[in-house]
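Letters A, B and C name the chains as they come in the text, with residue numbers starting at 1 for each one.
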Amino acid sequence: MKEGKNVETRRDFLKKLFTGAASVAAVTTFPSLSLAKTKYYYPPDYWYGMLYDSTKCIGCKSCVVACKKANNLPPELDEYRIYDEATDLTASTKTIIKVYRSEKGDVSSFVKRQCMHCVDPACVSACPVSAMNKDEKTGIVYWRGDRCIGCRYCMIACPFEVPKFEWGKAFPKIVKCDLCLSSYLPKNGITACADVCPAGAIIFGYRNELLEEAKTRIKRNPDKYLPHVYGEKEGGGTGVLYLTSKAVSFRNLGFPAIPDESPAAYSESIHHGIYRTLAPPFLTVGALYFLLKRNNKE
Amino acid sequence: MQAECVYEKIDRKLMTKPFLFFLLVLLASTVVIAIRFAKGLGFVSNMSDGYPWGIWITYDVVVGTAFGCGGYALAILIYILNKREFTPLIRSALLTSALGYSLAGFSVVVDLGRYWNMYGLLLPTRWNLSSVLLEVALCIMAYTLVLWVEFLPTFAERFGIDVKKLEKVTMVAVILGLILPTMHQSSLGSLHLISTVKLSPLWHSSFLPLLFLVSVVLMGYGMTAVESLLSSYSFKRPYETHLLKKLSPYMIYLGFGWLILRFLDLIFFEKMKYLFSDSFLSVMFFLEVFLFLVPSVLFWSDRQNLTPRRIFIYSFLYVLGGTLYRFNVYLVAWSPGDNWVYFPSFMETLITLGIVSLEVLIYLVIVKKFPVLPATQGVK
Amino acid sequence: MSRWLKSGPVGEELSRRDFLKICTIVTATLGLPYTMVGKIEAAVKSKQRPPVIWLHFQECTGCTETLLRVSKPDVGKLILELISLDYHETLMAAAGHQAEEVLTQMVSKNEGKYICVVEGSVPLKEGGIYCKIGGKKAVDILKEVGGRSKAIVAVGNCASFGGVQSVDPNPTGATGVYKIIKDKPVINIPGCPPNAYNILSTLMYVLTFSKIPKLDKYNRPKFAYGRLIHSHCPRRAHFDSGRFAEKFGDEGHRQGWCLYKLGCKGPVTYANCPTTNFNEEDVWPISIGHPCVGCTEPKVGFHIPVMERVQPLEITPPAGYPPIKTKEGKVSAGGIALASGAVGAALGAAAMAASKLPDKEDEES
């Protein structure tokens, strides 16, 4: 053994270790403190969205049935195989109506869930092979089966639990609402759910206009609405916006409390802080090469 | 670069009782893997839309590659800090690493829902450069290759090829072998940066990549020690206590360093208030902290009289701590909502056990057929 | 009043009021707007009465009976007046060789102009020997009379799809007309019996528009067979809310709950029974508490046991709503056992190894 040569004092070693750790720490944490990605905070005017007004919804489920028909989705069968008994979004249910009832039972509200079509979607940021995409022209977040490898990182990343996986199939797909981009929208210029809604609870349009509409509704009926449009800023903003009545909070309706910075932006700012410039790896290669050369000579 | 040390193969019977046991487990899990490909993931596993990543990703990939970081951790010592005395340990560590990474890759194939599109990871046109997972995938693939290249001299020696010819290749491999794990082991932590809502604030932090990196080096040393002691015991070879003792200070630094980082994060980002907010998660948090703290303290207090048993126990505790930390981030403290539950199914666990068995089997075959462990007589 | 309304072959005259009532019902059955009533009336009045030859094969004459027994208004009478019924074994005065002679005459006289109505299935086994009329096999009569007609209307499930005679093992090889005659348009009006208004409306449609109404894949007019009974059932609300009669005569049955669990075939049967009732009293099987047997379907009625449950074709959500959060995910005992066993074994092995390792410095093993 080569003991005796190259003896390094503990002090030297500690110094090295500390500088190394500190530099990695600096690179990893600095960007998250200094940079906030605001690229899509105000999305383009031509991006689509929907506005769901829970005070108008009558719970008829026309949207659920219409969505299944338009997108050719199989039913989620109950034990007798007679009902489409989905209790949540699933690989065969792209939209669903749920109900909130307060514990006393005096307050209740419907809520329609589907993909939120985030302005800066976490699933798109997460997907390694660009199978999740945000359409630049419409702002619609859609899935490409020809690319997806089924790693399910989009499902991990999505704060709204939207992308679903066909667990029961040998050749599964990821399933999520694409605002009927591949089915109903091109022919009809509207999503199937918004088209059939008899109560006007879900309306389809340009996201920015819908945001104005939502704010107008709140202004006109300050007693009726909670003065907050969910999706205006949550997680960097979402394409589908929500209004709720004064008595029912968005938490009650099952929406997570998300900081205004999108999860995608948060993750990217830190991760790219290390890699976007590609400098740290190259610098490390150089340093290592130098070290190895020197060490080898000795 | 490894020629300065002499290695030997273990001349023993291959077909022992444990060998047959692991073979049996492997066969059973092969059947389950066939079922998985025929009937779909939901048929064999308990993964769900809420918990899309289960034990395969958490254990086989995240923990499995961490176990396989002995090669990386030793390379840091040998090549960066120029501690050549650790060279005798490198081959068996490299073997464990190569096996750990290869089988992690294999379990990813089992886990991928749409494995037939996997080639897309190699097409730059499809790369999403924002994706942490892309970096992890590419790095792990590359590093697996690098590990086998680094291991090449062992095979070359066995078949009588001049090792010197490989030196240029292994030199490049060594450099990559230092960079790639740094990148992807930290990124295995970065993967959950995006879980801003679902990962408990006690674990979610911008320090995730750093905490993963520090703990993985620690686990690497821990695994190297555990593996060295175990193989010495079971192959009736002398204990490498003199070397492992020298490894202990690094483990102590890393152990305390990790703890400091962990609490710095909690203090700096004002997350101390969550410490006792959830009884179960609080228990898991303190268990995790203790598994880093206890061996660090004991290693320190016993530094004058470290015995094989003590080194084994303390190193094992570190490995356990790193494992728990990874399980906490990936499964325990990660929750899609309290209405969701997950615990691996029988068949799911069997696949994991099968992969572990395969690892043990290949290790035994290679150790007994190729010069991997340091020679007992030939040490200069 | 036109001539043909005053002097029908059967019974009393049809009043103007009843006539208009029928025209209105037919227009509604066809799903046409109210303004079409006049057009249908005019068409029925002005056109020359088309000759009709009505063939009977393996059947019970229930289809004819049901048609003749609708009396308020007298639909059977209108049909018989609307058309020139040249051959009908039940209604015609002639019999035996005389009747067969009429048939031969009529076929050659009106070749390509008459409508051939078929009641009853056609046996094909053993060359079709199981049904003979006047010494001729049914299949030969069909091919001759049907083959020389303008169009064929198959009335009832027997003529349409083989009916009760085609029940497994189908000893006579009973077959529906549209499986035999391929070169003529065949309109199926299945049912056991079919609704009289569906027969009438089909004939009136052909008369008024001189074309065949839109048909589905089983050649049934879409206006009458375009929608599932289940989609328009008066008991549907009970189905959606999960209120089922479990036994005949139980509380649910008396409350008028859904008959699905008693074997109702409404979820797989296309027919307009819920809107166009029977027996002039606005009744139909489901309204009197009996499950639908699916008599308008080729593979349901007579093929699936009456009390057997079926898989609904169109599946929609039930009336209830899922809560915001439902318990989801799986935990299985086997998994817990194996996983904890494996972890335990690993920890145990580690403990074993630790105890075996020497606790002395620099000991050689």
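A few comments on the model shown:
To be clear about the criterion, contacts are C-beta pairs under 8 Å (C-beta built on N, C-alpha and C of every residue); 3 or more make two chains touch, one makes a residue touch a chain.
In this text the structure is predicted, and so the values were computed from the model without any measurement.
Relative to the whole-protein C-alpha centroid, the nearest chain centroid is that of A. By C-beta pair count, the most extensively touching chains are A-B. Mean C-alpha position of subunit A lies 31 Å from that of subunit B. Taking the mean of the C-alpha atoms as each chain's centre, subunit A and subunit C sit 49 Å apart.
Averaged C-alpha coordinates put the centre of subunit B at 66 Å from the centre of subunit C. Shown for subunit A are the residues that touch two or more other chains, namely 88. Residue positions 325-326, 328 of subunit C each touch two or more of the other chains.
Multi-chain contact residues, meaning those touching two or more other chains, occur in subunit B at positions 48-50, 337. Touching subunit C in their complex are the following residues of subunit A: 59, 61, 64-65, 75, 77-78, 81-88, 96-101, 110-111, 252-254. Of all residues in subunit B, those touching subunit C in their complex are 46, 48-51, 55, 229-230, 232-233, 236-239, 241-242, 305-310, 312-313, 316, 337-346, 348-350, 352-353.
Within the complex formed with subunit A, the subunit B residues making contact are 1, 4, 37-43, 47-50, 52-53, 79-85, 111-115, 117-118, 120-121, 123, 126-135, 137, 171, 174-175, 178-179, 182-183, 186-187, 190-198, 206-207, 209-210, 213-214, 249, 253, 257, 261, 336-337, 379-380.
The part of subunit A that touches subunit B in the complex is made up of residues 1-3, 5-6, 8, 10, 13-14, 16-17, 21, 24-25, 28-29, 32-33, 88-91, 122, 124-131, 145-153, 155-157, 159, 161, 164-174, 256-259, 263-264, 266-268, 270-272, 274-276, 281, 284-285, 288-289, 291-292, 295-296, 298.
By the touch rule above, subunit C contacts subunit A in their complex via residues 239, 260, 267, 311-312, 315-318, 321-326, 328.
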